[in-house]
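So that you can tell them apart, the chains are marked A, B, C, D, E and F in the order they are listed, and the count of residues begins at 1 in each.
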Amino acid sequence: MELVFALAIGALTAGGVYLLLRARTFPVVLGLTMLSYGVNLFLFASGRLATGSQPVLGTAAQYADPLPQALVLTAIVIGFAMTAFVVVLSLRNLADHGDDHVDGDPKKRTPTSKHARERRPL
Amino acid sequence: MLGRLSFPQPWLSLLLFSIWQLLADGVGGGSVVVGLILAWGIPQLTQSFWPERPAVFKAWRLPGYLLLVLWDIVIASFEVAWLIISPRRPEPMFISYPLQLDCPQAIAILASTISLTPGTVTADISDDHKILLIHALDTRTAEEVIEAIHNRYEKPLMEMFQ
Amino acid sequence: MNLFIEYIIAALLLLGAVFTLVGAIGLAVLPDFFTRLHGPTKATTVGVGAMALASMIWFANQPMGTGFVEILIMVFLLLTAPPSANMMAKAAMHMEVPKVGNTRGDPWGQ
Amino acid sequence: MIAIVLKISIALVVIAALLNVYRLIVGPHAPDRVLAIDTLAINAIALIILLGITLNTRMYLEAALLIAVMGFVSTVAMAKYLKRGSVIE
Amino acid sequence: MTHWLLAPILIPLLGAILQIFVGYAPMPLRRVLAIITSALTLAAAIVLLNLAGDDTYRVYAMGNWQPPFGIVMVLDRLAAMMLVLTASLALLCHLFAIGGTDEGTRQFHSLFLFQLMGLNIAFLTGDLFNLFVAFEILLIASYGLLMHGSGSTRSTPGLHYVVLNLVGSSLFLISVGMIYSVTGTLNMADLAVKVPLVSGDQRFLVEAGGMLLLVVFALKAAVLPLTFWLPRAYASATAPVAAFFAIMTKVGIYGIIRVYPLVFGANAGEMANLGMNWLFPLALATLIMGVIGVMGAQTLRTLVTWQLVISVGTLLAPIALGSQKGLAAALFYLLSTTWTVGGLFLLIELVRSQRGSASDKIVMAPQIRHRTLLSSLFFFGAVSAAGLPPLSGFFGKLMILQSTTSGVEMAWLWGTILTGSFFTLIAYSRAGSVVFWRNIEGEIKNSTPVTPLLALSTGALIGMSVLMVALAGPISAYTSATAAQLLDTRGYIQTLQAPMVEEGS
Amino acid sequence: MSLPLVVLLPFLGAMAAPLFAQGGRTAIAIASTVPALIALAALFPHWQTLADGGVVLYTYEWLPALGLSLSFRLDGLSLLFALLILVIGILIILYARYYLKPEENIGKFYGLLLCFMGSMLGIVLSSNLLLMMIFWEITSLVSFLLISFWTHKKGARRGARMALTVTGGGGLALLAGILIIGQIVGSYELDDVLAAGPIIKAHALYPVALTLVLLGAFTKSAQFPFHFWLPHAMQAPTPVSAYLHSATMVKAGIFLLARLYPALAGTEQWFYMVSFTGMATLLLGAYIAMFKHDLKGLLANSTISHLGLIVLLLGMGTELATVAALFHVINHATFKASLFMAAGIIDHETGTRDMRRINGLWRFMPHTATLAMVAAASMAGVPLLNGFLSKEMFFAESLALNLPGYWAWLPPIVATLAGIFAVAYSARFIHDVFFNGKPINLPIYPPHEPPRYMKIPVEILVFACLMVGMFPTISVGPLLYAASSATLGVPAPDYKLAVMHGLNLPLFMSFLAFFGGLLMYSQRKRFFAFHDRFREIDEKAIFEKVVFSLGLRANRFTAATENGSLQRYVMLLIVSALAVAFLPISEMGLFIGSNGLTPVDWPTATLGAVLIASALATAAMHRERFFALVLISVVGLLTALTFVRFSAPDLTMTQLSVEVVTVVLLMLALYYMPSWTPVESSRGRRVRDMGIALLAGSGMTIITLAILTQPFSSISEFFLANSKTGGGGNNVVNVILVDFRGFDTLGEISVLAIAALGIFAMLKNTTLTPPPGDGLGHAWARQSHPTMLKQIARPMLPMALMVSAFIFLRGHNLPGGGFIAGLITAVALILQYIASGFSWTEDRIAMRYHNMIALGLLFAVMTGAGSLAFGYPFLTSTFGYITWPVVGKFELASALVFDLGVYLAVVGATLMMLVSVGRISPHSAIRAIPSESSHDADTTTLTQRETE
């Protein structure tokens, strides 16, 4: 069980990190979101895994560690606030530069467009 | 002033009160008090979100209608399930359903009913609220669908809202 | 818990699971978007409804007491499935998602 | 008996979820994907209910209720985006 | 348990809430309320400074829960010093802001006060996760403040700042998770007790967690190679915000000073002095990078932002070496550099407002109004920043230099700091002489007058470097005692025994 | 007390000076003289003590930790310098009164001049090396401001910066040197340091310390190769040149050598470094002086040469040489200051300093000419003038130097050669300026004698030259003796200050120098022609070029590293994290800890696989943004399921509700963005990023695995034990959130509130034009609010509120709570926005979101603060059970009120965020729609859109 859990965190981290390293705001936002999923699961894991032993008194014989759960809850909320802010900030960036590149002004950017290729979706 | 203390939407209040009793896992002293508070307070807060209420609404007809629909859902679900599993290719059809209902709430209920009962989905309501676009999964003619819907669902709804 | 109730629960659970699966199969195998739309909106709704009912009966026969949250789940599912389907269908019609060849009638593009 | 039925049911629902994921990946169109995730969310409700019975706890039912209430909103938002672009206007 | 520990948190919080409520009230009222809040926060900080002077720890158990279970605020000398530093900087920046830069959005004052609250929590908290929360408060407020003002130049640097800090927050959580997963606690004093007892493979988990935490603090402090977000972010912020942000890098440094001597200090067994061998060369590299940045700066803003980087390197090098003298010196320098750099940011705004399209670019322009005042302030700021006598920057650097004992480290540290000062001196003299003296014919239109309020707040911040010299004796005595307190971790660990308020008492 | 006063007075005067500026030049000059005069007077009472070989000390503790004290010391050496500083200073103040024009910034000038005087006095009177260091650097700074006094002159600005760079830089080296000395000695007090000479010289760091100290001294005293700044400093007003750059500041380096003589001198290293530097400077300065056509340039280079001479004498290390050095300090100060003043008068009266144009001034200003000629003669070393005496001593010492073999010839030859040049340039100064035909093309013609009082300072100094030259023993004998003794640290040796020592080798050398010099001057044309063959080096240009190119390189380096690429910064951050975590993790033995793995059940594994696949697919398919969004929703859903699976119902609900809001937000944003991401990085770059991602992922996997399999105990036992009894709730997670760690929650809702406010503020005045259609080329549909959705959404609201209330109320005992309830409410309201539109919904929500947020925070804070009234700390919760008739037992917990605050803040913040984004939509700008009939509203919207 632990291996599946660990691999899931690994995949979330890997996916998140890869997206963070992209050049447009949207994938970066996705990356941040995914990374925070991974991190939340990780923080959750610091209290170890438990099955059917939710930390509500009187509902189980043994209880899962409630503290990491509380921490993760706080982290989720904070993460949400941060994500919202960064989403809006990328909109501002878009409004200011007419482009959603993470480095802003297309004219002032170091040209990476050597590889830039337009592709239609779907 | 007294108006503010009343129950602006008694049916809603009743519904909410009942829901609360369901949620609170059984009727008890506490749940009744809280249920009453909520059944009074929530409509107060949300009544402005219901600007146009149907002129006529015979609420007592609703349970019967719901039971009918529920029954149809269960029965007809088997048909669709069978159709999905069976190797036969379905013969779908887009059907324009001419509405006789004109109250938007009633139309929404009809459209929902159509969507929930297997074999048909309400794909759209025309802007002028005169026509429903229905997608039927497997039917031979449009008329049989229109007929069935009209008789089984639209008529009771017309009675309820007119 | 008496055996009869157990049978009912088991039957409801199996029925629910099978319906859920059938809905999913429909989603997977039906030929176009509009036909696929039928699977989830009913089979799955009914399937989950059956399981919710099973759950209610199960817990009614457990010492920790009854609950009716399951009913509320069903209510919300039934209430929300049609507008979801409606919105998705509207999106598909707007995007002119191709319909299977033997479909009669035309979608709207309003 | 119920234990076995539960196992079978969970298996069936998990298979159903896999089929949903299949549709989600394959598409081919955006509405297909929205439909797939909407269905997946409903499957999740089923799974939560089944898990609750398996573990004999009602703790998780509210989570299922939440999916029923809120999953709808994201489906609607996605569909509206596809059609109209602007979700809140 | 004295309730004074709450004051620096609740005053700005209530002030911020009030600002939200009166968001649509007339500007003068909001300004007065905002300034009163800032001033009260400073007053509270001074009270705490007074309390902390007796070398005892004061613990405030939130919710009356015994540490390590509940969250505690801990007041010691370091915390009190940081509170006063922050509050004084905040008040002066705030005064500058009400001179006009607070216009544009109605949220400025509440964001500003929220940021103050976040900073104060960060300095007071004795709980690792609560430190995370405090960081998030001050960061999110800083994001908002960073974006304050018109123009399209700040969204990209702002985005970079935000994204990097979000990744940093993730790393913070990962490290908290790793540390908790072994020690099972979050209270810093409890960690100081438990970390030395960790053994076997678990040790490596804690060690890795500790190192990741160092990366987080290094990111906030802008240590090389995590420096590069800083210059553009600060250069694009509105002046009082940029000036207030002079404290932001110090938060990272504070984190290092707070956590590492305590939890991974000399008593941490196999994990003693964790990461400090990495930190020293990186600090010097940061210093060098800052000097290069200063040398290459083409605007005054950029110049000062890199000065900020220099000060980070200068501060962290002695901290990494870990001696009490070095720590004391760093704390003294921290005060000096924060005020000075803050003052320079404000000053540059005044200069900008006089120079029309030349703005703060280091190029010729027509002679500015208020030249004597502004150039004198620049001169004093530059002298203090470059670490020349007789201003406080010199004393800070002198203490840092003196804190090392002969050896390879001394050669590196002295060489870097002194060479750095030399090049900084060149850069400042060039910049100042071009901007203030190298005039072309003509007149600048649309220059906004320097009001007494603006001049006063700017002058007061820069003037702190004079005040610090006058009070160098008591201040250095305070920082020495602070360093001693920090390195003797027994006192902090004692906070676990803080008595709770009894039932019915 | 009088010693600190001596130092302090000029500074006080400096602060007062600008006040007198209003009163004009005379007033300010008088006001500036007063502190100097008082300071001078304050020195006199100590004379007897010093003459008896004593010292006057004053010590005040300042920063004992630093070894920095306010200690001052007056002995012969410091008295000598202090007198020079004060006397010449007073003369300069007087002179400047006439030199400056009334419209100039006299307040600044006199203020700086007095500042300089104070700091120079500080250098010579400090008895603490660090204190001296402080004054040392102040002189550099003040000199910078004085040289650039005429800020509009490019040369002045550049000269000032160059001077600051060299002397300030030297000062930093000196600082290092002093710190090393301080470390060796253990004190910075002069007494200790001077007494520790043998220890210092024996220490391993002595060579380093000496080199650093000498760097400081040589840069300040313009020794080769740092001499170049001094001529450029001549861009300063002449009083400054006379005071700082000939009489005093440049002597600071010499003072330092003399001051530290007992501590540092007497080693081979000292001898070679100091004397050879002095020798080179002596010769070089003399040579260049000869060829300068600028009057002040000549004097400046002559100053360099004379400084070299003094340094050479000090380097010789003999006692007599030291005496000679100090004697020459006095002499040079007098004749050079007077020469500078004369040059200033000439400049003042002719408007130029170019000797090629200035000729025959004797006819126009005979008085000035006489004075200048006497001073120049002293500079040349003509007998009966003071310059002759010290030069004679210098020649004698150069002969006395016992270098091995042929090297012994070097000092006398160099000395004589320098003497020849000195005579030559002095001759030029006299002949070329005052005779040599008629003036050519002077800007001011005819020149006049300057105002009477302007000449008085010159007269006094020239008189001093004569007095010392003729009656050395009476005039400076005792002072020189005291200074020499103080410098050497022992009573000075026997020496005679006679006008004539009889016919000896030094006299012969003087003779040679005198006639050689005259000969050289007579043949000057040839020498000029020879000199002109070499391209003149413009140090200022080089300096500017070097600084510029350094700046350019630095700028390029900065631009290359700090290149504004977020991708690089993120990469650096992640790689840093990987790097620091790698080492400890690589040391771990087994990644699977002692608890081992628990068996897998296949449904979990399958869903886990789906989670993993979805995560990777999101990354892989990120270009198709909508698809990626759907995929990440799957990830979110499965994450929520994971929380259910592992016993965290609260987390599941939180994750689910946050997920929905996030998706809506992303949809809102996606509207304005391109619907797909172009390929922007090379294949190699993508592979690199994948590598980094893979490493990060594996790292996290390994760490998670290690953590999950390690045994564990935590403080949570306490929470489980006290949740009911202490917190009044069964849901331990909720009790932690609202009670045990309620402060975190207060912070958390603050974060939400701040984010909402920040978003609101950021989007104010933001306009964004959405693309006309989706990425496939379809124009967006026109219908905005579908009937069906609208009709279903409305009844959903009260029902959702009901659920919300339910989740809220049960939170303390069962999964739920204010946060989740708040999000449900928010989502229900968002549904109204989606279904019925912005303005329709906005009109129906009674409370402004700002106020809702503020109210929520206020509730939370006030609940927390409520406990203060009962003497409990902030956030102490209380709860109780109340039994009501009929109703039954009720739990009332203060934590519930706190949670209500959370609820309100969450609702307000979430809605404010989403609605702010919705607000930038161009559709929502159309707000003047009657909203009673929604159907009509739609139509209106359509019409309006069509007419746009």
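Quick note on the criterion: contacts are C-beta pairs under 8 Å (C-beta built on N, C-alpha and C of every residue); 3 or more make two chains touch, one makes a residue touch a chain.
Note that the structure is a prediction, hence the values are computed from the model and not measured.
Counting only chains that touch, the fewest steps needed to get from subunit C to subunit F is 1. Note on interfaces A-E and E-F: more C-beta pairs are in contact across E-F.
A simple rule picks the central chain: find each chain's mean C-alpha point, then take the one closest to the mean of all protein C-alpha atoms, which gives E.
As a whole-number value, the distance joining the C-alpha centres of subunit C and subunit E reads 57 Å. Subunit A and subunit B have centres, each the mean of its CA atoms, that are 39 Å apart. Centre-to-centre, using mean CA coordinates, subunit B is 61 Å away from subunit E.
Residues of subunit F found to touch two or more other chains are 563-564, 566, 570, 574, 626-627, 629, 645, 649, 670, 700, 703, 707, 712, 714-716, 719, 740-741, 744, 748, 751, 754-755, 758, 762, 774, 776, 781, 783, 786, 788-789, 792, 795-796, 799, 803, 814-815, 917.
Residues of subunit A in contact with at least two other chains: 20, 25, 28, 40, 42, 45-47, 51-52, 54, 56, 59-60, 67, 71, 74, 78-79, 81-82, 85, 89-90, 92, 95, 102-104, 122.
Counting partner chains per residue, subunit E has residues 129, 133, 136, 140, 143-144, 147, 156, 159-160, 163, 167, 174, 177-178, 180-181, 186 touching two or more of them. Contacting chain pairs (ordered by label): A-D, A-E, A-F, B-C, B-F, C-D, C-F, D-F, E-F. Residues 10-11, 14, 17-18, 21, 24-25, 27, 30, 33-34, 36-37, 40-41, 44, 47-48, 51, 59-60, 62-63, 65-67, 69-71, 73-74, 76-78, 80-89 of subunit D are the ones touching subunit F in the complex. Residues of subunit F that touch subunit D in their complex: 603, 606-607, 610, 613-614, 617, 626-627, 629-631, 633-634, 637, 640-641, 644-645, 649, 652-653, 656-657, 659-660, 663-664, 667-668, 670-671, 770-771, 773-774, 780-781, 783-784, 789, 796, 800, 803, 807, 814-816, 820, 824, 827-828, 830-831, 833-835, 837-838, 914-915, 917-918, 921, 923-924. Contact residues on subunit F toward subunit A in their complex (touch as defined above): 563-567, 570-571, 574, 597-601, 604-605, 608-609, 611-612, 615-616, 618-619, 622-629, 632, 635-636, 639, 642-643, 645-651, 654-655, 658, 661-662, 665-666, 669-670, 672-683, 685, 689-690, 692-694, 696-705, 707-709, 712, 714-716, 719-720, 723-724, 730-733, 736-737, 740-741, 744-745, 748-749, 751-752, 754-756, 758-759, 762-763, 766-768, 775-776, 813-815, 819, 909, 913, 916-917, 920.
Partner subunit E is touched in their complex by these residues of subunit A: 20, 25, 28, 32, 35-36, 39-40, 42-43, 45-47, 67-68, 71, 74-75, 78-79, 81-82, 85-86, 89-90, 92-93, 95-97, 102-105.
Subunit F meets subunit E in the complex at residues 61-63, 65-68, 108, 130, 133-138, 141, 144-145, 148, 151-152, 154, 157, 160-161, 164-165, 168-169, 171-173, 175-176, 179, 182-183, 205, 547, 550-559, 561-564, 566, 568-570, 572-574, 576-577, 580-581, 583-585, 587-590, 593, 700, 703, 706-707, 710, 712-716, 718-719, 722, 726, 739-744, 747-748, 750-751, 753-755, 757-758, 760-762, 764-765, 850-851, 853-854, 857-858, 861, 865, 867-868, 871-877.
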